[in-house]
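The structures come next, written out as structure tokens.
Paired with chain B in one complex and with chain C in the other, chain A is shared by the two complexes that follow.
Right after this comes the complex of A and B.
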């Protein structure tokens, strides 16, 4: 018996253009690091990064009406995937603008001049004094972005795993690269890496069990196998629970959330701004595809699992945020609660539930990114002023910053006429049917609790005497543009929610 | 867009507020003029709109304007629709009319404040939000206005941020209002779930076919909302603290307009309350308790603004009682709301004028004999006083008398409570009157009382005129009852006794109150500058009848405990139990721990517990 003839896999390159563009650009970035002199690197890297992100965005938009399974079944190119890709790319551009900011910190950008230098060492001081900046962040960032846009397209468990790691590995590094409070940053990176590896292991183990039960890796085939043979359902179910846990870790749902406050706090704020939105959007895209396509036949089994995690997330997120004193940790716990709201929408296993969750992801992403961007502007001589007590009286010191942040907090709280209200309304009303209505009630109650801690920050900004050593940096156009884009989108989605609702409606459902 | 467009009504003050806030210090010089002009322009639009309504036949007295389609999800659609009908028409006149007078007054009152421009921006913001609240044609838009007035009120209570007490008061108002807002949110959601719509016409048309208990729950949720905004029992205590804000704010927001939003809400939802006896009874009980409670608090306060705040609480209690009576009471509640708007704004501004002349001292024990040095303020305050205690022919006489009558028609107990309230009102208002304007001067050293400038006294005179004639005018000249009939469907009931007895009886009770106050605080009596300790009753009233203690026990305490518990569970129990499991299960806990960094390990173990929990959930569901 001779060797098996090799058949070329059929790859739709045009459909995958956004991922390829970014991947090639990232590789190019690595070459630039190797061969271009220090003085030119930053400019070139910025050119490559923004250029590739814009080209990728343009390619993604051309795919807007696709609805097909491509790349031999490994990837699905459908409305929800493209919508999330476009959102992810816009957020990546916003994140890159924030990373490129050099005016906020008097010493340079938000990243350590050289990560290998020991914190507090003479080397570090020297690098800082020379004003060197680290440019490896750009290829790393592009790898992460290409992973993130692959994630919601992944149509089999292995591709999904690869996308997950492509997104996560560069992020582990970027988290540890903060210029200020480097020990905290490195500790966060290590924690994130160790726990992330643990979650990946659970994911892989789950994928193996699903393969054992069904003999398939492609989501559609898994669904067929589950429908035809019920003898292996228990094995399939254990596998599904483990895969879901791996993804729940990524979205930061409780009780798999404990990394997120530490990491959000330790990471450079520009990175926090990007990852708080991007990992959530990308990973929820994968969760939804897995649940709605691969596990559609097991709906009655996974619904209670998702409901439990949703309720725990909302309770833990809302209540823990109440007692935090660090503003980044407040936003981290708030994102745990928001993960719960998104999962509540997913409980409605129908197009409305999908639309609700997509609306929530799209609107929340911009609010969260902008909120962290504002956090990076309020500083004391020692770096960012992240303690809420330091934000007291900001309303008088910098009325515009305080007003923008108030607007974002109100959107997070979900007041009417903000995008947060639209999202909560669409998401929660879709799940109002049968027993999942109980989860909706829990969501409504916890969002009432959550309003308190957003408002507490507003209160302290406007009604407490100002602290003297706190200043609000006047950022360069980069950060202003970043915040402006997010606030603009949030405003439109709040006053004319039909804009986002129409997009989501056009996105339709998953291809199967 | 026509002249009487509802959007224009809301838009003018909103744009003005935005201009003042965005231009910042650059508009300091003319900010107060812009703010005042915006309010007056809005009043002009309101007058034009109501005149247009009057010119229409009774059946078509409504102006609807859909500004834009807010959102559509499936077959649920919410429009931003504003409508002026008989009820909101009355309110827009009150809001913009009294609002404009208070803007004018504030030009003088705030003339020394460096943040005067910001003050006018907030006042404009308030006017816009309040107009949105009453013009909204669906409950969701009403909710936006409801939150908007809360925000403006919050900003204005805490306007003098340098006063610690002002910040605390602002926070307290906010928290108690959140409890109320939760009621409104719950009501809106119940309506959405029950009727698939939140617009007034649809909800009111279908409420009859909803299950009775649902209607009752919606009514109770609306009542909770009303209690928060209108400072009714048990959410009343923020109103007294809200007096920390500048006095024009107390007059506009915490007397004439915003605090009556709860009454508006119940009256607007009359189709819902008509169907639920339980809901109406609850409203009646809340109103009765508050009207007595506020009056008793009014007796004990030496701070002139807090005495008036107790009185406001009590008068809104009357309105709540009236709307709780059902169709016999709605019209009279709105009637009293209007007359109260005039005379209470008048008295608050009068109190502000007194404070202005007394170096911002609010303690009535430091007043006395001011009638000579502040003749105009005294004259206007006197008319307000006669109006509130219900002396004919002043405004309060007509409106309160109608409420007492309607209360007796429904229940002897409610009637008796309303009557008793009238007596106490006469007593505490006479006390304020005597302590401030009569008796001997007890001024602190260095205080030289003087009359306020014309920009402050002219609004006082206008409001005093309204306090004098509005009762007769609204009842007999304009015929408010007929005007509101298409919306509120008033009926009349049977008095349990001869109607001829009511008027003399009420006047006798009022007279007893005035006479008692005369003996206690009249001209022959020495009023100590230091407040005497007083009996247990007075001390309880000074402590707002335990309002704060109640909040601590019922609202704030349990909330804090619940949070603490949940956080402890998350941080301690979960972690600790995980550690316990680890130690017990493996016996290698010690060695295991030394190999790992502490926190990451416990995080990972929490994840393991999480896996076990979700796995268990999946399988337990499967088994069941």
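Right after this comes the complex of A and C.
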């Protein structure tokens, strides 16, 4: 038998436009690094980064009403995917604004002038003295963003894996590039990389098992195979669990969250701000598509698994945050708890559950990003003041910063009139049904615990005497704009939830 | 009826005044205070006008009603309106605000640190939320105000309270927030059920008579009740109140105990009973026992207190036991009495707390043992203290007597045994008040008590409306009862409860046959 004739796959390039724009821009960024002189690089890179992000955002918005499977089944262009893409791109713009900040740290931006220099060495001092800045961060960042927006539209397991790696690999690097506390940063990068590689391997192994069980890679076909042939269900389930573990690692759900406090703490805060929101949004987009499209027929099997992980995440996240003294670790554990809430919404395998989780993702990202952005502003002479005890009395010293941070903490706690409440309400009301009602009760009780550690920070900011060596840097317009956008969105979605509800309603359901 | 949104005006005005107070030039504290006081009088005028326009026997349940869609997707409305109960509670709230502003005139200076404008602005912000929580006729809106109230109180206790204010504020906030979250779960459940019934709305009127199975109803009842029990507070979830009362300034405590805690019992009457009547009936024995435990326990613990502020907090816990029993006995006498009790307790406790506050600011101590013979050095203060105390122990002729008697009478109709045991609370009340009076006011002038000076004009101005209310409503409670009774009749009808015939009347009918 001769080789089969090769037919060109039909690819709708327009559907991929946002991803392509970013990918091309990132490649361009690499070329700029190679050929443009040091003095011009930063300006050019900023131009390319913001330009491509805005163009990508525009392309994504034009696809707002699409609902189709494209690229031979490899990609799904539907409301939820586009909604998450738009959110991710806005978060990326906010993140880029934070990364571009040079006023917060007296020595320059938040990144090590040259990562290869040994921490504490003469080389490092010399590079710092010359005022050099690292500009490779921009192409890396763009690669990560292009991976993140591919993630929620991946409709087969291989594309999903590629998106996952495109998102993760640049982040492993970016995490290790902090200007201050470089050893901590490098340690975080290594941990993230090792554990992330492990999770990727589990994902791949799971995908292979699913392929073995069904002979298919696209989610729709996997679903059909699962419905028609029950003899391979157990193999399929083992594969599904492994794939889910890989994805749960990315979203930072307990017990697969071990990396997140270390990485959130060690990474440059601008990167933490971006990745805390982006990896969660992108990976949850993939989790939901996998569960709702590929494994919908097996919902009775995976629901208890997801419920268990949700409850563990909420318990671990809320209780571990209680004993933290570092503010970035508190926020890291809080994000673990929030992952549990998002999963609680997903338990309702119906459009309401999807809408609940989407609402949560769209609102949570901005709160988390803004919270980390504020963290980057409170500094001591040695760098960021991340110890909660150092935040004492901030309410007196810098009322505006303290008020903004209080508002964001209240949003994280889910108090009414913040977007956090909107999210919590939608998520819990979609899960309030049958046995999943128990998970809702767990969610409510852990929110009470969570409220305690958010409050503890507020208490220390307002009711304690101020520390002398702590100052709040007045950031440039970049950071102010970033925080302003996030706080604005948090306020609008809190006072007029109809805005986000309408967006999610328009997004509709997954194409299958 | 005019279409002017009076209730929105009543809501918005204090909030805007708070903003104005905050941006006023900081230099002149006296101007800031006068402005805050002046602003706080406007709501009093508005409520006086509303009271005069209120038609107690109107056919619609809520008057001065406003209704605007807020969140279409969830069926949430910005809906306000008052019945007689809400009107009475709002009146209590807006009258107490200027009183506490006068009473707390020098709180910030006495404390030595803090921002005067901020202190008074928080009171005004709190006023908005208090009006909102009583006026909301959308359950979701009620919840929002219910939670929002925490923020001003939290800052008032934490930033302007005593040395352990931050701790007390935290304890208060956590307790309330846990209650609020449990209520949120029940709220979501209620919404899910209303969606299944094809209503999908939070409007109070839409939720009345919702069909649901008995177990769900019990769970939802418990969710709301837990929040209100913490707020009220009922034993055993009361421990935050003594701490908060001890650490907060007397002015804050007046609003906390006088108004905010009433939101709990108001919520039981407005939401728990009408929305879940069967469940409420099922839980009635439990709640009555809780109330009874509260009466006795609060009173006994009060007797043993050494700090006057804690003592008053525990007397309030005892009184809230009465109010809860009155609400849950399901007789119109009991419920009207309970509502009247909410108002009267607000005035009498406010008077008592402010007087204790005056004592503390003079002597620099709240310990009972540090006083003695005050009536020799400050006779007016001592006399007013006695009047407020007697009202608190429900002496006939004082306003609390009327309400306590009505509650006991209403209870006796349904549950004679409970009423009998509850009556012992009256005796215990006499003990804790009179013992406190004896130890602090009578006897030889104690060491260090010479510094206790007579009340000044400002302090008398703050206290006099309260004492007037105690006496007027003691002899003539009709104005309040006139607006409350029709509203209670409607609640009774909503929960399908019927007043039992008095025993004597039963005998008469039999004789007639």
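Here is the rule we go by: the second predicted complex is superposed on the first by the 509 of 512 C-alpha atoms of A that agree within 3 Å, B and C clash if a C-alpha of one lies under 4 Å from a C-alpha of the other, contacts with A are read in each partner's own complex, and residues count from 1 in each chain.
The criterion applied here is as follows: a residue touches a chain if its C-beta (ideal position, glycine included) is under 8 Å from a C-beta of that chain, and two chains touch if they have at least 3 such contacts.
As the structure is a computational prediction, the values presented were derived from the model and not from experiment.
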Clash or fit, chain B versus chain C on superposed chain A | clash
Once the structures are superposed on A, label A:452 by its partner contacts, choosing first (chain B), second (chain C), both or neither.
-> both
Can A:121 be said to touch chain B (first), chain C (second), both, or neither?
-> neither
Would you check which partner chain A:462 touches, where first means chain B only, second means chain C only, and both and neither mean what they say?
-> both
Name the contact category of A:198: first (chain B only), second (chain C only), both, or neither.
-> first
Touching A:498 in the superposition: chain B (first), chain C (second), both, neither?
-> both
Dual-contact residues of chain A (chain B, chain C) 415-417, 425, 429, 432, 444, 448, 451-452, 455, 459, 462-464, 496-498, 501
Name, in rising order, each residue of chain A that touches chain B in their complex.
-> 190-191, 194-195, 198-199, 202, 234, 237-238, 240-242, 244-245, 249, 254-256, 258-259, 262, 300-302, 304-305, 308-309, 315-316, 319-320, 322-323, 352, 396, 399, 415-417, 422, 425-426, 429, 432, 444, 448-449, 451-452, 455, 459, 462-465, 496-498, 501
Chain A partner contacts - residues on chain B that touch it in the complex | 24, 68-74, 76, 140, 143-144, 147, 155, 158, 161-162, 166-167, 170-171, 174-175, 178, 182, 185-186, 189, 192-193, 562-564, 566-567, 570-571, 574, 597, 599-600, 603-604, 606-607, 609-611, 613-615, 617-619, 621-622
Residue numbers on chain A that touch chain C, as the complex places them = 415-417, 424-425, 428-429, 432-433, 437, 440-441, 444-445, 447-448, 451-452, 455-456, 459, 462-464, 496-498, 501-502, 505
Touch list for chain C against partner chain A, complex = 70-74, 143-144, 147-148, 155, 158-159, 165-166, 169-170, 173-174, 177-178, 181-182, 184-185, 188-189, 191-192
